[in-house]
Amino acid sequence: MSGRWLAGKVGAAVLTLVFVLVFNFFLFRAVGDPTSQLARLPGATDEQIEQLREDYGLDKPLLGQFADYVGDTVTLDLGISQTTREPVWDEIVAALPWTLLLVGTGTLLATLIGAWMGVKAATHRGTRTDDGLLGFSLFTYASPEYWIGIILILVFAVAWPIFPAGQQVTPGVEFASWFDEALDVVDHLILPMTAMTLMLLGQYFLIMRSSMVDVLTEDFITVKRATGLSRERVINRHAVPNALLPLVTLSAIQFGAVAGGAITIETVFSWPGLGELSFNAINDKDFPMLQGTFLVFSFGVIFANLLADVLYFYLDPRVQSR
Amino acid sequence: MSKGIKVAVTVVVALASFALALVALPAAAQDSTSAAPGGAGNVLRIGWAQDPNTLNPFVGQDEEAYTVWALNWDLPINFSPKTLGPAPGIAESWEVSEDRKTVTLTLDPGMKWSDGKPITSRDVKWSLEQLGGHGILFAGYTSGITRIETPDPETVVIHTKRPDARIVGGLFVYVLPEHVWGKVPLSRLKGQYQPKLPLVGSGPYVVTEYERRKIITMERNPNWRGEPGPYDQVQFIRYGNQDAVERALDLGEIDLVREVESSSFARLGEQEDVSTRRSATPAYTQLAFNLCPERLCPDAEFNPAVQDRTVRQAIAYAVDREKLNEIATRGTSFVANGILPSYYKAFYETPEQTYPFDPDLANQMLDEAGWTLNDDGVREKDGETLSFDLYVRSESPSTVQMAKLIAEMTREIGVEFNVQVVSTDKLYDLTVRYQDGKPAPAFDTFIWGWGGDPYDPSFLLSILTTGEIGGSSDAFYSNAEYDRLYREQTGIFDTEERKAVIQRMVEITQRDLPYLVLTEDPQLQAYRTDEIETIEPICPEETGDLFCDQVSYDGVLALRPVAGASSETGGGNAGLAGLIGLVVGFIGGVIVTRMRSQGRDEPLELSE
Amino acid sequence: MSPLLEIEGLRVTHDGKPIVDGVDLTLEPGEALALAGESGCGKTTTALATMRLLPPSLEQSGVITLRPEGVAEPINIGRRTETGMRLVRWRHISLVFQGAMNSLDPVQRVGRQLAEAIRLHERASSAELAARIAELLETVGLTAGVGDRYPHELSGGQRQRVMIALALACRPSLVIADEPTTALDVVMQAQVLQLLERLREELGLALILISHDLGVLAETCDRIAVMYAGRIVEIGAVDGVFAAPQHPYTKLLLDSLPVIGDERGLAAAIPGAPPHPGEPPPGCRFRPRCPFSGDRCDVDPDRREVGPRHEAACHYAPWERWPEIEPAAAGEGGAA
Amino acid sequence: MSGERGVRELLLGTWRGRFGIAVLALTVFVAAFGGLLAPYDPYASSTDVLEPPSWSHILGTTENGSDVFSQLLVGTRVSVVVGFAAALISAVVGSIVGLAGGYFGGWTDRILDAFENWFLVIPTLPLMIVLARVLSPSLTVLIAVIGLTSWAGTGRIVRAQVLTLRERPFVERARALGAGDTYIIRTHILPNTLPLIFANTVLIVAVAILSEAALAFLGLGDPTRISWGTMLENAFSSGAPSAGAWWYVVPPGLCITILVLAVSLLGFLFEEYINPRLREAT
């Protein structure tokens, strides 16, 4: 039974991916015909345009083009960037670790802090602690993450310059050891990571809080207390694990927002990841690159969703027997 | 656990976290200083917002790439920033034949590439033919060349169709080492070829490290023929956005910013340890009129009154260019007089007709031409009204501002401009519109700009030739005399003689006004005075008011580091250290309070 | 012999408004006391107050004394610290909660939850612990393998048996069972009740059984206390009370007995809704719904002895004979 | 539900409702008349560049010497127009898809559901970026792009609601009496789904406002109009943060935050109103 549940999830993810491929193909085929870019250059001759069409395989019938496209994509050939002339995939591979670092640490921190705050607020419901945490997270929930990023720069890199506000390492520095370099990366990571964390924090907090409030009204909490467990232990051992379950599923919805945040936050902090790659592609109208980053973002989000499902599967015994 | 043990553990944890915080703080702070740039004081750090997308000159198109190439490679004949004339480059000397159709270059036999291989005539021939023939940015310069001969390794003979002054005055094609580039098939050179590092070169510095979107490091070329450069390394550090670049300069992370926003130019100038420099460039911003003649553009869409010369001249008198410069660009630009920027000192002279601000004269001219004011205060004649669309690009706030100011100014003479703010793409589409294979521009007027070649004005002058209609021309101006003079000047090798011809061209355009050139664009630089002693006025020698960093390495070679300046990175890891301390302290604190509160916890909220 | 549990003047208030308004109770060791009444009359609150498990928004006052066997000093529950209370809970008093569905942590295996409770109060090696758990599960009629299951893998009856096993884990002297059978079907109900009765006899437990279902209580308990609007209105031996109820409320509840376990049926039997204990009507709290009320009911009656070990809070008690009433008209008469 | 009175109580009886209504009313007013209230031409530049707040410029000036306050007032319109128009599109598309899927079931439902799923999973901002870049930005494009990428949530909720409504006795009765699909949808399904659509749409407004700002910040806003997002873009790209020009950076972001907060709070309130179970949880 459980195997089928998992297979269903994987199947759905694959189907979504196929959708992405089809969409990507038609969108960029319909509007982003690379020859339309070249044709606007006054110097281009018909011959050159024809050559270009051939290079891009645009002279083939649509179905053939699609087959080519799928084949290329599956073999990780995402085309050549129009600006850097490097294979799009190579650029993405170089940028991906940085995005994963930013998104990973940001999400992790947001989950931990958000969950912790949610627990605090739920166990202090109606008090000033609760109001304060609620107000704070509603504010971060409503404010644009790149704005928070700029404010962070304004405060911690300009008014009180204690953190670098751009790049991932101090440029042009030869480090004595990998540890120094790691420390330097951490130094650069802090502000963008904080922005990412603050962006996600509100939602995680709200989810955790209401989930925790729900769990605390459950009978088993009373029973656990009645067995003589301390308040903290009931919260930590029984209430939190149960309240975390909805957090796992609901946070999957957040992955799309994470991808969006990666783009804006990386732009603000010139963080050399996928987001900045997309931002440059927007400005340079580098369609192969835009297409590639979109594909990778979509894949990442779909994969993360699947991961959340699997995680939920392992966390909640109730699902396993379904 | 007994109470005694708990207390003991609490104390130990608290002490340990406190100690850790103390250790982490200075340790982290120290790490940053020990990790400061290698060879302090001997690195020139230049910051920019964007870096070149590629170092391959066959496909590269960025302005930034030129800056790197110019340090890495010589031209066949260089440009002397000091005298603004030709100077020895790859060629030690050159000779122009009697009929001026053949130029013979003589190379220094001892010259070597940075990898030790000799620089020969084969390199020059290959570069002119391949890079000059196929490089996106370089093809234009070699169009006049018919044949290149290399009788021996030290001699290159260049034959041209017609006399072409650009061979000596502006052959802007880098000479690449054929033994490296010649091995790569052309299709790859024009495709995704990325040159190997170090980038074998002939200039004072060669690229040894290129991390895209991060840093370009150039080191001294051991085989450089001149005085060794003042710096061991030149680094170009990319910051992703202008804001970060300027902040890096503030913090002393970099020594020099090549290009500063006009909005922050004044502010940076007031900064401690920062100095700014404003220099002229071969670029201008113009108000362009649609002059496309009926026979060339039967389907063009515009208000025909725009093709009335008197109207254009009146507009020119009514526009206060000083004021435009003062307000729209906050005085950072230069007021322009005609289509030849004053940057080209060798050829420039203030034209006779400069259209000084004189709205009364403008009104009088229009009155005399029979344009009468209607009820709306706009002049009209024979059913035509002096009401024009004025397109500006939203990406350029300063030109948007100029457009509005112009509209205000010309209201005084009964000429109406409807300012249309559009995207660059949109304006491009309006100007290069085609119908049935013929140009069909759909605009009355617009404001945009052009940038010329650093030491030869031919490109800027070519824009208004009839031949460029369907090419670069966006005013669609056509004047036989102008075209003839343009061809003539390209064949004149003598500067004074050529200057006279160019002057006549300028006067023609000042009379016909296809463009009313508004301002000449500046290059705004900022540098740290505690790192760089001075930026010597070498371009040209006496005044140093030109920007030629892109064309020549002399700009960098003329810089002098401040003695004993350390390239200390501002900020350091102080914040990180503090944060570590804070986190450790916090965790310690939580543990302590938690242990203490074990005894008295409150009942959990439970519902019935 | 002194009573095992003694509750004197228990009051629970929320924002100053009482929810439980002066409850007095005693319970002998090994005795089974039934606590009956409609929903919201304060039964569960009383039970939770006994273990000091009320949410912080509720304040409790009054004296609760517990005298478990083998403990020299009586335990004054009201004056214990929270830590002290944790030692009392489950060791001496345990709880079988209503709603068998949600009384166990859904993400932990049953065995682990049992072990947690035992470990909290006793030192036990893993082997001992496993043996104890197996024994406990067998005691309540389950196989030892149930310990490896998650709650959702068990049926409702099994889960309630696990809860009972959990309640017995530390061999307490008092078990409070709050509506232990509500969520179960009739067959299961009977089994669980039989189990409780058997265990009580075998282990000598005292039991407080809370239910609105008088039928359930009659089978299992020795004594019964009937609560109405935050107070005990009648208390006495089950036989006595069932044979001759001395409070109109009890009388009406008993009259509605045939509708077993059906809350709607019960409510329909006594027209009108019970008042909120915080805002009682003037005089006798039951007066608005009482078909037998008279002039004396303007004054709130005290609980007093109306028979041997039988107390009731009604001015007109002891009732020799209950007047005939038309059940349908009862509500109108009372409300008027 | 006690109709009108309940709604009024809901909106004016809680601080959240009062805050939301007040902010929304003020914003709509400024969106309508902001141009008239602005003390300066928001596009007019001057030589007073990045001046801190003063009596003549209460929120200082931009990198072009324009008045920040005036830009803020005029920029309100784009945020409001895009927010509401895009949410409307999203509501219409989401409702149609949800209604069709839920009501007709079968293959219609399966296909629409797959489509919906796809839109739910796909990262929205990257999708918007791709669409906006390909279509080259303008106000209409922004509205369309945001509206057409954010309807999936509405679709999902409407579908679930319609699925339960379809089985209700009054619908079955109507069908038994021979009522047509359009009739049933119009008289039974839609009226019972509308409150849900409405509450959800209010929340989408918040999403749309944030999306417009993000796209504008990335340079994909309507280039001819000032919005809060383009203000932030201009501030950022002109180096205002480095210049310490907080008066240029803080206000647009704060405006976005407050408006989004207000709209979200109203959305939450409506949700609670429709689904009272939520009232307990939060």
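To keep things simple, chains are lettered A, B, C and D as they appear, and every chain counts its residues starting from 1.
In this text, a contact is a pair of C-beta atoms (placed from the backbone, for glycine too) under 8 Å apart; a residue touches a chain by one contact, two chains touch by 3 or more.
As the structure is a prediction and not an experimental result, all values here were calculated from the model.
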item: Minimal step count in the chain contact network, subunit B to subunit D; value: 1
item: Centroid comparison with subunit D (C-alpha atoms), farthest chain; value: C
item: Contact-richer chain pair (by C-beta pairs counted) among A-B and A-C; value: A-B
item: Geometric centre: closest chain by C-alpha means; value: A
item: Whole-Å separation of chain centres (CA-atom averages), subunit B against subunit C; value: 86
item: Mean-CA-position distance for subunit C and subunit A (Å); value: 53
item: Chain centre separation in whole Å, for subunit B relative to subunit A (CA means); value: 35
item: Junction residues of subunit B - those touching two or more other chains; value: 241, 243-244, 247, 598, 601-607
item: Numbers and ranges of subunit C residues touching at least 2 other chains; value: 48, 53, 82-83
item: Sites on subunit A at which at least two other chains make contact; value: 153, 157-158, 165, 222, 225, 230-231, 267
item: Contacting residues of subunit C [partner subunit A, same complex]; value: 48, 51, 53, 82-83, 86-91, 94-95, 97-99, 102-108, 116-117, 120-121, 150, 152-153, 163, 166, 169
item: Subunit C-touching residues of subunit A, taken from the complex the two chains share; value: 218-220, 222-231, 237-238, 241-242, 245, 315-318, 321
item: Subunit B contact footprint on subunit A (complex, rising order); value: 40, 42-43, 80-81, 83-87, 123, 125, 153, 156-158, 161-167, 170-176, 180-181, 183-184, 186-187, 190, 216-217, 221-222, 225, 230-232, 234-235, 267, 269-270, 272, 276, 280, 284
item: Subunit A-touching residues of subunit B, taken from the complex the two chains share; value: 28, 31-32, 34-38, 43, 45, 53-54, 56, 59, 191-194, 212-215, 217, 235, 237-241, 243-244, 247-248, 251, 253, 428, 432, 470-472, 569-571, 573-576, 578-579, 598, 601-607
item: Of all residues in subunit A, those that touch subunit D in their complex; value: 12, 15-16, 19-20, 27-28, 31-32, 138-139, 141-144, 146-148, 150-151, 153-154, 157-159, 165, 209-210, 213-214, 253, 255-260, 263-264, 267-268, 278-279, 282-283, 285, 287, 290-291, 293-294, 297-298, 301-302, 305
